[in-house]
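Two complexes, one shared chain (chain A), two partners (chain B, chain C).
== the complex of A and B ==
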């Protein structure tokens, strides 16, 4: 292979082949990770992943080539992605454990995308995403249990309630910065969890039980999903539901990132005084980031509540917020794809490392530190906006 | 000529330190005011008082007929005052182009709901911004346009100063405040900067400029209205020749003994 030029322009045929094959390879890799059993298989796959990221770090033109290919044939890219996402449960078959992992990973992907508006775009360390997630779950569960509202109605109502909460944390955040702001959000997160624990109407430490399964056009999500004679376990319903939510989150993130709002967040991340001098109402944009974060996190919370049908304050601890934050940092701040990869990695890895029994968390930490040593800016770092110009 | 900006008896105290002491001046539409004075004289504080970074301890700032004393800086920009910073404050991890587009924040309107539910409107607005930003980058000296996809933090010093000016112009200001724009520029670049400012005034006849400068070449190029500040007080105002000949100005710059030598 000859030395690559700085600008790599793939032809249409090449671009199609690349986008289809790379996405299939990614899906296959995910499949093998999910199916892997025993320590050595996991170690081998992680080594492969590490080598892949090492190559990306060493040869930056690979990323440029991949971006150029996908930008060249967007329809092929989306079609392949849709086929992969829709087809995955059929390949997994009746393995409900794998489906469960995928649902949780997708919900965490949404949470990480939500936090990315703050941590990634605006560098606001928010440790209360877990609380917004919990508020979404509790509001929708309470509405469904006490008032018999359907899942589809509780979804926007829970999101509204959490957005109000976002504004409430956002207001003190106007006066604090950096470390102090982080402390304020930690306090909010802990307060919410304690309140859920102590109120009677939230079920206290016992939580809420018996959240009814949602249904769509007469099909209950508790029933197996039958598609063209294929019978998928009932988890497949929630798999597709959470996949749809991931799509909504990606579109939201993409549109905000590409608009003047994303730019304003990036500006205040870089230099608040300079941002004000450009006419950006810094306080308002910070509050806005809190609200958008809470809005999306509440969607994830609602789906989670209806999926497991039982929630308790333990599901929404401070540790959940820290996990989400780690996903954003490891995956890549302000990079939509990176944040999703980070969420999948950090959801699936601890489960797969159960083979290491007592050393599980130690090994988990070592792997994360190792990846950050290979890719210090996150697995997929932030990229410059291109505005249709050549790379 | 009508007055665009009028500062009345502005005083700024930080604890016991008087950074600005009862400073009054005004600037007409379409004119240039050069502010000179030794380091630490209060020139940048004056900019910060005008742009709302600081609220003056006492005194008044009137811009375009409205009292803007202590208004938040984002509102001041919207009213038409653009500025650059002495130590350039670019958004260094964003591209040159993004820096200029962010400068258009007050002239664009997309809100969260627009961005989410009317992506076409948001995209059209961005496309228009890109076009305007590219035109701005082409219009100045240097090759900022060719470097538009580089991170602003990677620019050479002179380009950083130019980019700050382009970003300030992106807000379509009526008054442009330039805080030592020639710092870090060599002889040729300084001449190009002067030419840039002259050209800018030819294109925008209504535009007023306040320059803080140490480089007398630049001040000499805009000699009509010069003000000298020392220890927070205005010590001289007039045309360049008169200010230069003023013994208090010479004293401020050269020290008492030298001025009387």
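== the complex of A and C ==
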């Protein structure tokens, strides 16, 4: 059944056909899931997804084949991906609900990628990603409302504030570990959320209202986007903005994974003492993981705040952090593609489970427990690092 | 001033005992399975609902009611929750004992969601808060002018009795010895012929039943219970167990008293402290863990090469 290694290497034509078709198929599947209504359609699509993963599990050469063909024609791969991402709002048309789901899914994908630096790469628990996300949202919103700063100025300032917070949470990580460290991060998350809930200048439990829409080159993001005569709803602005952020996050994650920092994190995960013995500055790399996480999470928070124009402490609770963590674990730790799939799945699935009305949270919990028992390594398990001459 | 002090002292001891009982469950389960059972708080908070349901059942089906039957229902609920603990262990939690710590944490958080949603759906009008009566009422005696209620006395005496019983059980009985052996080193314990399934069963029953009693006392103290009380009960109990040192029984009790102490202090002496109490509690948790990374009475983590 297993194809020999030589036949895994596809020809150029085959590779082009495979990458284009597989990405289009993925996009079509996403489209149908987003459009699906009613319980049976959802169940059917989920069954299809399950069958797909079963196939991948039984025939591992498919994954190798996909990786090989994408590596063979990288330009075609990226071009197809760009066309799919740019063209999606045109296909969706005026359905603002679908666009809203996609924006939230993309923001969660960024958050999951951010957490992946710690949980996936270095195996450091962090239940404070939701807090960093909230700090990003609140700092940018407060700056915009009180000082009239533009979105583009608040973005780096919010990221800076959250990064400082990341350093602060990172400091106890030098001494505590595992469960104890998990509790420290939970504690930080609860403290931040409770403070946001109690301070007067953050609006207390009512949150902040009336965050102005950003604008770029005189085009306000609250207006519909007109491209070559096509009129897209105003959500399309934020769709492209968050898509750009996902791209930035992917590039950051990819570059860090390939750098000495990523290697150091992996060494930490494998064996902390051995890493220390090799001269890796363990404390610094741990703190760095927290800072990078907070930095990216703040970007997502800023976009979220400006997108919904209303934030409250309820958006940044402990359960949000747990959801982000679940995305990383379900998708596959230290696998960029897997983490993104996990984020999309866990954002869209609960929304679609509205067909089960009041029972969706119950269903969600059962699905997560079942998933962790059946497939603890995640949908896309981490791949071995490859060094040097990649084909 | 003195009155206020005595009153707050009573509040502190009462709340501290409840947290200590919750923390003991976390500590016991972690000691044996090396798993954080994050839904322990939710399991514990099913007890008030079960006993309310039992009280209604007794009133409608058998036609008896009154304070004595409330106690009977509460005891039955504690036993039932112990059984729920065994079932959860068998079906879900045990499978994560060898998994990475974070996996178990996320799985039990999800389990907590499931338990809360089940309460909400199975109990009539489960989304609403339900009044929960004091298990015992009346004033036992007065210190100066401050009345000390029978309830406060019950909490303290029950906690002392349960802790004493637990210590006796762990130190003096064969099953207690096996639990201690398994928590020391599960593999060696297996080699010595200790069936770990029995140890797990006993641990979960005891931890869940003690948690249930804490849940009942908590609902009774607050006068009300709601399906999502388990989240905070779980977080506070877990924090108490961790700052005391996971796996240490005296640590769990100390941790419970400290957490309750901070909460009461914040409420009494800080203006607007009631709304900031969780901030104080969790800042304290952070500070304690920075200076004592394995908790106050925990065994320091040895790095083995």
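As a working rule, the second predicted complex is superposed on the first by the 367 of 391 C-alpha atoms of A that agree within 3 Å, B and C clash if a C-alpha of one lies under 4 Å from a C-alpha of the other, contacts with A are read in each partner's own complex, and residues count from 1 in each chain.
Here is the rule we use: a residue touches a chain if its C-beta (ideal position, glycine included) is under 8 Å from a C-beta of that chain, and two chains touch if they have at least 3 such contacts.
These numbers were taken from a predicted model, which means no experiment stands behind them.
*Asks:* Looking at the combined model built on chain A, do chain B and chain C fit side by side or clash?
*Replies:* fit
*Asks:* For A:368, decide between first (touching chain B), second (touching chain C), both and neither.
*Replies:* A:368: touches chain C, not chain B.
*Asks:* Which holds for A:177: it touches chain B only (first), chain C only (second), both, or neither?
*Replies:* second
*Asks:* Is it chain B or chain C that touches the larger share of residues in chain A?
*Replies:* Comparing chain B with chain C, the partner touching more chain A residues is C.
*Asks:* Thinking of the overlay built on chain A, is A:273 touched by chain B (first), by chain C (second), by both, or by neither?
*Replies:* Touch status of A:273: both partners.
*Asks:* Identify the partner contact of A:282: answer first if only chain B is touched, second if only chain C is, both if each is, neither if none is.
*Replies:* first
*Asks:* With the two complexes superposed on chain A, say which partner A:259 touches: chain B (first), chain C (second), both, or neither.
*Replies:* It touches chain B, and chain C stays clear.
*Asks:* Once the two complexes are overlaid, how big is the angle at chain A between chain B and chain C (Cα centres, nearest 10°)?
*Replies:* Apex at chain A; the opening toward chain B and chain C is 80 degrees.
*Asks:* By the touch definition at the top of the document, which applies to A:292: first (chain B), second (chain C), both, or neither?
*Replies:* Touch status of A:292: first partner only.
*Asks:* Give one of first, second, both or neither to describe whether A:79 is in contact with chain B, with chain C, with both, or with none.
*Replies:* The answer is neither, since A:79 touches no partner chain.
*Asks:* Report, in whole Å, the shortest distance between any C-alpha atom of chain B and any C-alpha atom of chain C after the two complexes are superposed.
*Replies:* Minimum C-alpha separation, chain B to chain C: 7 Å.
*Asks:* By the touch definition above, which chain A residues appear in both interfaces, chain B in one complex and chain C in the other?
*Replies:* Residues 273, which sit in both footprints.
*Asks:* State the interface residues of chain B toward chain A in the complex, per the touch definition above.
*Replies:* 51, 53, 72-75, 77-78, 83, 85, 89-95, 97-98, 101-106, 108, 110-112, 114-116, 119, 122-123, 125-127, 129-130, 148-149, 151, 167, 171
*Asks:* Mind listing the chain A positions that touch chain C in their complex?
*Replies:* 119, 123, 125, 171-172, 175-180, 182-184, 186-188, 190-191, 194-195, 197-198, 272-273, 318, 322, 325-326, 329, 358-359, 361-362, 364-366, 368-369, 372-373, 376
*Asks:* State the interface residues of chain A toward chain B in the complex, per the touch definition above.
*Replies:* Touching chain B from chain A are residues 252, 255-256, 258-261, 263-264, 266-267, 270-271, 273-282, 288, 292, 382, 384-387, 389, 391.
*Asks:* Touching chain A in the complex: which residues of chain C?
*Replies:* Interface residues on chain C, with respect to chain A: 30, 36, 92, 95-96, 99-103, 105-107, 109-111, 113-114, 117-118, 121, 231, 235, 238-239, 242, 246, 272, 275-276, 278-279, 282-283, 285-286, 289-290, 293-295, 301, 303, 305.
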